[in-house]
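Each of the two complexes below includes chain A, the first together with chain B, the second together with chain C.
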Partner chain A sequence: MDGNEILKQLNEIFNEELDTDDIKLNNRTTANDVDGWDSLSHIQLVVAIEKRFKIRFTAKEIQSWNNIGELIDCINNKLPV
Partner chain B sequence: MIFTSIFFALFFLIVAVFYYALPHKFRWLWILASGIFFYLQSKPTYLLIVTFIILITWYAGLQIGNTTSSKKGWRFYFLAIIANIGILVFFKYTNFFTSSAVDFINFIRQKIFSSTETITNSLLINVIAPLGISYITFQAIGYLIEIKRGNHAAEKNLGHFATFLLFFPKITAGPVERAHNFLPQLKKVKPFEYNNISCGLKQILWGLFKKLVIADRLFIYVSAVLPNAEHHSGISLIIAVVFYVFQMYADFSGYSDMAIGFAKVLGFDVMSNFNRPLLAKSVTEFWRKWHISLSTWFADYFYTPIAIAKRDWGMWSVVYASFTTFIVLGFWHGAYWTFIVFGGLQGFILTIEFFTRKARKNIRKKIPAFLNGLIGITFTFSYFAFSLIFFRANYLTDAFTIIKRIFTANGPIYMENPSIIVFSLLGISFLTLVEVKREYFNNLFTLYDNKNWLIRNCYYCLLLIIILTAGVFDGGEFIYFQF
Partner chain C sequence: MQTFSQLKKNLKKNFSNHKKIKVALLGDTATQFLQQALRGTGFEQGVDLQIWEADFNQIERQIFDPSSELFEFNPEVIIIFHSAHKLLGSYNKLKPSAQSSLADTQLSLVNNIVTSINSQLKAKIIYYNYSEIDDSVFGNYGNKIESSFLFQLRKLNCELMGFATKQSNFFLCDLSSIQNQYGKSSLFQTSIYINTEMVLTIDILPVVAKKTIDIIAAMSGNFKKCLILDLDNTMWGGIIGDDGLENIQLGSLGIGKAFTEFQYWIKKLKNRGIILAVCSKNAESIAKEPFEKHPDMILRLEDIAVFIANWENKADNIRQIQNILNIGFDSMVFLDDNPFERNMVRENIPDIIVPELPEDPAEYLEFLYPLNLFETISFSNEDAERTKQYQVEIERSVLQKNFTNEDDFLQSLNMSSVVEPFNKFNTPRVAQLSQRSNQFNLRTVRYTETEIEDTIIDKNIISFTFTLSDKFGDNGMICVIILKKENDITLFIDTWFMSCRVLKRGMENFVLNIIAAYAAANRYTFLKGEYIASAKNEMVKNHYFHLGFQQSADYWVLNIDKYEQKKCFIQTKK
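Coming up: the complex of A and B.
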């Protein structure tokens, strides 16, 4: 799966979980840019991402992403080649 | 040494003048020396405890950062964390734990063994906690966690590390600064910049205004009514509770403005603590704007690890993590059930808001934005005011008395000296006006940063004149010093 496909799926997850349809993520998007993405919904998003991609993040990874680009890299590293 | 005293003003003037006169390589030493001097004004022997915290945290940080063996790293990490928490618990909670244990033993003896004898708590300690101990240990713990997580390197220079924990503007009541924000600033050469001095002094002036003109004026009414609830009518109690919200905000944000301002004069940007919380439209948003340095500390080092560890529970992980975090946050204020209820009330409403956020969003779409905001702000303010009844009361029964009388006690408004109410309302109105202006009309006009030199300075003079003429100079310490 390439980065664009992951981004597309993330976009779907974010809109579903945060119950909106106006989120448009890009690699540089941070939590500050997305209305409703806070420490409460972050965990919910992480769980949804793990389910969709059938992966498991470590606690350290979950706390390390600074933007969507870093999240995509992390997902990519976990997906089977 | 309180920020609003003449002694502190003189102390700060001397510190700032010599700070800029000294070459860069000696400045940290001067800041450290002034921090030590500041600390010695409280209780000199307690400096030994802070020195112990500094040494153990600094050494453990180095060991965690250097060691290749994760087992050894963990050992140092745990030892240092336990030492920090141990000191905090000893000074803040020994009496709570021993008294609770003795009460429990007496209860069992009475109920099970029908004994009429009771034992007394002979382990009660009568000590005042070292100045700023909560804030110092929290900053030390945050520093250790960041190194353990591999996010930041350990500080090699013991002197610089000591300066971080003993930086005098934030010793007494925060902000709970992060080492990785502060230490690089300490190392950077800072030329004398007019802008830093001007921004810092302006923030100090506004902080002084909030403390002396608003908070300490409101304190007069609040302290006359709330501790004597049984003698006051419901309407007086409502006024006192509303006043208390503003008192708390003006007091604590006033302190924070001064702390941040003093740091700014010396060229340091420390974390902000408040972002107009009384205009938050939900309690969730409120906690992102109130005591930010502590709430983000709890979010980063307490809430998030719990929520991550329990994330397989789904939504309940958020409930569990929110409740645990806020109960601990309440308990942090002191070992009283009133603080635990205060924390529990925050955890409760955050959970409700989390579960109803989609429904609330749908409702919001049908209501005009202005009305939406007004409803949100009113609800958040009222809920926070209600929870502060527990925060302010000495015992749960006192809080229940206040709540009961608010609904049942008829009678006139307590007004021994009407000027106190008038000045209080003027202070609240002015504060609200400034906050609303900064939140919604920030680009419209400005007195504080007006381009016209005369208008700007007239405004500063006006604030200063109001402070000198209407300020309350015997109002005492800041509320958050005790925590």
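Coming up: the complex of A and C.
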């Protein structure tokens, strides 16, 4: 799966979990750019991402990403090659 | 079951037709998601939970400070979530010599919490028991070591049950059984715990919320009273009309075992007060044959309150059962192996619960257990007698058909009633009736046992309970009146509810004669009544009008000085 495909799926997840349809993520998007992405909904997003990609993040990873690009790299590293 | 995301979407929906209930939520871990899941689940069950959530880890501060926000909020229900993880944290800090007292210490904390709440509020308390954590310090041997965490946690869960038997307003929500059902990895996710202090996973929240709301729904009178059963391939394997008595599958061999165990479960439900009815497409005599003659049948005809077997459609037959039992469709559960019949009943009777039974009868029980269909918040000896009472009621209605004159019929019943105030023997039943009565209930004020006990010592409250027996048997307590002194000349009828089993026997007249006589003997001039409409009490909308009360604004008033005894065929039994 390439970065663009992951981004597309993340976009779906964000809109679904935050109950909206106007989120457009890119690699530089941060939590400050997205309405409703706070520390609480972050957990909901993390769990939804884990489910969609059938991966598990470590406790540390969950707090480590500075933007969507870093999240995508993290997901990519966990997916089977 | 809905996902947490779906429940969250419910929060934006319109709750205006839902019953408002003030709920306080206190936890020693982060409870924001639980709060959202509870409110979202409440939407599904018709309740608008107005939740006040304490700040993180404030249980004791809120409860032991009489001027706290909790007491100011004045909730009807208080949900307390002490987590197993925090319990383990406390245990870890104990000196080895003190470890054996963990359960006792925690139980005494719970006791103090309940006492403190009860001293200020009339709230009902829901307390989660502890999900199990085995720290494996002793391995299996921990079961033999009193100071092990596993030993203390299990002891605490057990003693909480003992504590709950003595506290009428304290209810346990069984988190431990949820973990037992779904597994620890479904309940707890370390990465979330580390980052947020939440001890429940997103996926288990809907389950925990549902189990909690089940209790709250039961508190507001919403619970199941009747189980309607199909027969062929539901109660036994095979088709009695085709296969015959010898060939249906029941007993200890093969798939017969599944049906026998299923019947044992249903029998236990019956013994705890669930009314059983049969609704089967069969000739009646053939359908009854296994109940009468099959050696492996667990259920017998005397277990079934209403037995309907014919070739009519099942929705009509269930309407007939409803008519005989006089309870709401929303308090009925229908079990049938046939998807066609299930859909037909669902479509025609939207309120009835029709579980989507698995195709394999061997799975019936494991499928039904976690649905938790039969939540209750009370249990009394009368529950065990309920089936008998409904059967007698049916005999009575058969007799009635032989009389053309209603007075002659009532006369022939030889009815008598024991009239008593509340006392320590009848308070559990009074409280239970107060929760169960929906239709014949003028104001639908629900009382707990504790509140009923409080009225006994209140000089401004006069209480009456009524039993009714007749030549067919004893119905037990079926009616309750609570009068409040409003002033020197007026008694207000705070509560009047009656079991629908005894409708049309002149019980209303008898009750009014009794309370009017009390009012007259104590020099009151007026009895004042009120009807408060609920979703279910349309039946008594004109109750006071029919009894001769005059309307006065929102109330109904009866002048005692002009009262004439109402005709009635019930004798007072001393």
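Convention: the second predicted complex is superposed on the first by the 81 of 81 C-alpha atoms of A that agree within 3 Å, B and C clash if a C-alpha of one lies under 4 Å from a C-alpha of the other, contacts with A are read in each partner's own complex, and residues count from 1 in each chain.
Just so we're on the same page, a contact is a pair of C-beta atoms (placed from the backbone, for glycine too) under 8 Å apart; a residue touches a chain by one contact, two chains touch by 3 or more.
If you're wondering where the values come from, they're calculated on a predicted model, not measured in any experiment.
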Contacts of A:D38 with chain B and chain C, given as first, second, both or neither: first
Partner chain in contact with A:Q63 - chain B first, chain C second, else both or neither: both
Partner chain(s) touched by A:V47 [first = chain B, second = chain C, both, neither]: both
Chain B versus chain C as contact partner of A:V81, first or second or both or neither: neither
Partner chain(s) touched by A:D19 [first = chain B, second = chain C, both, neither]: both
Set intersection of chain A contacts, chain C complex versus chain B complex: 19, 39-40, 43-44, 46-47, 59, 62-63
Sites on chain C touched by chain A in the complex: 4-5, 8-9, 12, 32-33, 189-192, 194-196, 198, 201-203
In the complex, chain B residues that touch chain A: 149-151, 284, 288, 299-300, 303-305, 307-309, 311-312, 314-315, 317-318, 321-322, 350, 354, 357-358, 361
Chain C partner contacts - residues on chain A that touch it in the complex: 16-17, 19, 39-40, 43-44, 46-48, 56-59, 61-63
Chain B contact footprint on chain A (complex, rising order): 19-20, 36, 38-40, 42-44, 46-47, 59-60, 62-64
